[in-house]
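I have a structure I would like to understand better, so I am pasting it below and will then ask my questions one at a time.
Every chain is named by a letter (A, B and C) in the order it is written, and numbering of its residues begins at 1.
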Amino acid sequence: MSARGIRIENLSKRFGAGDTAVLALKDVTMQVAPGEVVGLIGPSGSGKSTLLKCLGAVIDPTSGRMILDDTAIYDDRWKVRDLGALRRDKIGFVFQAPYLIPFLDATDNVALLPMLAGVPNDEARQRARELLTALDVQHRAQAMPSQLSGGEQQRVAIARGLVNRPPVILADEPTAPLDSQRAMAVIRILNDMARRFETAIIVVTHDEKIIPTFKRIYHIRDGVTHEEAGEGRGLD
Amino acid sequence: MKFRRLQRRTLALIAVIAPLVALFVYVALRSGPLASVPVTVTTTELRALAPALSGIGTVQARYKYKIGPIHAGRVERLDVHVGDAVKAGQVLGEMAPVDLDERIGAQQAAIKSAEAALRQAEARQTFAQTQANRYERLLAERITSEENTAIKRQELAVANAALWAAREDASRMRAELAALRAQRSNLRLVAPVAGLVTARHADPGTTVVAGQAVVEVIDPASLWVDARFDQISAAGLAAGLPTRIVLRSRRGQDQPGRVLWIEPQADAVTEETLAKIVFDTPLSPLPPVGELAEVTVQLPELPATPTIPNAAIRAVDGKRGVWKLTDGKLAFMPVVFGRSDLDGHVQVEKGLAAGDQLVVYSEKALTARSRTHVVDRLPGVSP
Amino acid sequence: MISLAGRDILHAWGKFIFTGIGLGLLIGVTLTMAGLYRGMVNDGKVLLDNSGADLWVVQKDTLGPYAESSSIPDDLWRSIRAMPGVAQTANVTYLTMQVGKGDEDVRAMVVGITAGEPGVPGWPPHLVAGRQITRGHYEAVADLATGFQVGDVLRIRRNRYTVVGSTRRMVSSNGDPMVFIPLKDAQEAQFLKDNDAILMQRRRTEANPAFNRPGVPDLLDAVIDSQTSNSYVNAVLVRIRPESTSQEVADPIRRWKRLTVYDRAQMEDILVGKLIATSARQIGMFLMILALVSAAIVAFIIYTLTMDKIREIAVLKLIGTRNRTIAAMILQQSLVLGVIGFVVGKITATFAAPLFPKYVLLVPIDSVMGFLALLAICVLSSVVAIRMALKIDPAEAIG
């Protein structure tokens, strides 16, 4: 088992208290190695959003451990003080919708993250440009989000997720609004980026088109996960 | 490439913001107490002033005759109306004689009676004379006595005296008749001079008291203007000065005239000097008596001196002077002023020289600290 | 680090400018209202300044020529002139009436100025066109606010006056523009009514047997003459010698002449404290209300602008933007809005001020205070918006 990537042990999340308490996550155990792209599949209400939020340090789990890049970030309570910095530096997000900042152009949308981390503007923009090139949208680097097509926006969003070289990326239904060709393109990019930057990527999805591409899949139902081998094909 | 996009957007924004900022700066500097005061300037000019005095007055008749009875009585008839021209001596009307005519008749009868008595006395005297002569002759021939002659002489003397008395009596009667006739003629209202009737105060049948004017007559050739001048601006008023008279009803026409004299008594209550102005040529048609007139007396031209317009005169701390502009800096200069004319030019006696630049009009009151800028004409003023 | 506030403004600049202009108009109205208030107070001050007087001598126990009618004989000035410390005296009359020109007439305060020369108290202290009065009758100097220019012919009662000079900002405490005419004409105007009234009066006098005695023919004329002359003025303006104080000069006049004398401070108190007080308070209250409403609207606008950006703020928080950065963005935007609003407001107020019929005085201190108040409101309202923004749950971004 590699020391990097993300590992979750016995993570539980309870909403509410007493009789009305709901156990959204029950002893979830997961791990993703750097460079791996795993799928997290489950019906709605299964707790996958909750799991994602816990992974993204957006909500507080109730108990368990979360280890990121060989550092325990949560052990029955948060071990880091600045969750914002954690999200900024260690976790990348790719959403269903691109959620680009409408008043920044593509480059600045991506470069914003390193800038927030204190990276000088020129270097941040340089990194942004590199990623945009890797994602093949460099020709739209100056365009405002409103001028980009859906696919272009999604790619810029992916670039933003990657720009700080986080060890883990959480992708929530990234291909839901896309057709099969574009969906495959996105998955290919994710795999590509994961390999290149040694990032662990967790893709929450129920998109039939891309499920076959995962080598490993975590199914989640009623807060319980179990691992399964995926087909791992279609990426060539 | 990135910069071009940004620049274009920024430029567009600047194109909107910049005029706004410029407008703001303009507003801050040009209005409100921070702004500089617009002023117009002029220079002192050498000018020969022709001062003039301006007054108002009313047209009056120099001679106004109020004709009326010297006793109380009733107006019998009036032969003239207002506006009639009358000749000297013309009978204008008559008071009711009451019993005067009868008394004249009585007097005439008395005269006749006195003349008859006179004839009687003459006859007696003639007889007494004859008798006295005869007795004198008889006395000389010693036919009659001394006593008889004395008696006849005495009778003659008495008859002479009686004749003399009768003559004087007749004279007295005639004199009384003449007196009654004089009274009778007094009842007639007679125009003393040729002129114009201006008023009829009582109509026939009215009872009037002694001295009350029944008819007023003026001499139209003697119309003058009774003018009043504020004492403070009457310097130089003298008799003989040429004058322009403008009657209120004839606004556009200037009548030439001259000052006849200045009243020795001024009006102390209204603080005015009174003067009489006559027309050079009589006017026709005649202006009505009492019409208002504006007079302008032309004073002799003064030698050329530096003058300034009176709009430039300001008072600071009670001292009169002007705001002088030297090299753009403002300074108040107290000035001693001389004469002025009716167009607003004022002589400068001390304080300024010809060619000095001074402020005439200003938008606001000036102080030593005011910032000014010179304009041709102040905003809002029509040329 | 790029300026998020700047980028947002650049991106939605139309909305910003538009909102700023709307805000600016509101601020402009508030500034103008403050100017209205100051203009009213200034009307009173200007009236006193322009009269050139240090003391006002009026009828005993009246509030002076402006606030109450006062009648004193016109030869009283002679005895005042002789009192110690008096440098100059001048009779003056004031009458607010309709002044006609052609078919229209204008409400104006007709000031009767004593014969003399410029510099005498009561005379217009400075002109903007033409010249001062030189003739003793039938000339006038009119303020431009009457609409009369040099050369126009005015009608006051039955006489015609030629305008020979123009002034600006010579107004009564009510804001009525002034027309200066020679004192004698003004006395006649103040007293004489129209011809019909005079005829009636004459007839009444003739019918009175006490005046119409047959034995005294000129009595009637003399009585009628005395009835149609006016020898009263409203006040005597006094200028005192520089070495005397107004107290020293005023007290003897009060005591020995049994008149009421006001100095500059007391006149100001009467004008501003009594004459203008109610209207000024009225406007003052309205100004308060307007300021409060403006503040509320500014706050509301800034709050709404922030609400529009909830999604972006959530995303920013999610991707790890510091609270401080988000707060700064909102604060900067609100300050920019405030500045734009103030600039537009000041410009609007300056250009709108001359359009008002009465004087609107915009003083720099009002603008400065208004600016600071506006910035304070912007800061406070952005604080509210920031608190709301910081409470946003980034989890919402994930849905």
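Note that a contact is a pair of C-beta atoms (placed from the backbone, for glycine too) under 8 Å apart; a residue touches a chain by one contact, two chains touch by 3 or more.
Computed from a predicted model, the values in this text were never measured in an experiment.
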item: Chain at maximum distance from chain B, centres defined as averaged CA atoms; value: A
item: Chain whose Cα centroid lies nearest the overall Cα centroid; value: C
item: Between chain B and chain A, distance of the C-alpha-averaged centres to the nearest whole Å; value: 115
item: Rounded Å distance, chain A centre to chain C centre (Cα mean); value: 70
item: Where chain B and chain C are represented by their mean Cα positions, the distance between them in whole Å; value: 47
item: Residue numbers of chain B (touch at least two other chains); value: none
item: Residues of chain C touching at least two other chains; value: 10
item: Chain C partner contacts - residues on chain B that touch it in the complex; value: 6, 9-10, 12-13, 16, 20-21, 23-24, 27-28, 31-34, 54-56, 208-209, 211-213, 229-230, 232-233, 269-271, 294, 309-311, 313-315, 317-318, 320, 337, 340-344, 360-366, 377-378, 380-382
item: Of all residues in chain A, those that touch chain C in their complex; value: 49, 52-53, 56, 58-59, 84-89, 93, 95-96, 99, 101-104, 108, 111-113, 115-117, 121, 144, 160, 172
item: Interfacial residue positions of chain C with respect to chain A in the complex; value: 1-2, 4, 7-8, 10-12, 311-312, 315-323, 325, 394-395, 397-399
item: List of chain C residues in touch with chain B within their complex; value: 10, 13, 17, 49, 52, 75, 87-88, 115-119, 125-132, 134-138, 144, 149-150, 164-166, 168-169, 184, 214-215, 217, 231, 239, 241-242, 340, 343-344, 346-347, 350-351, 353, 362-364
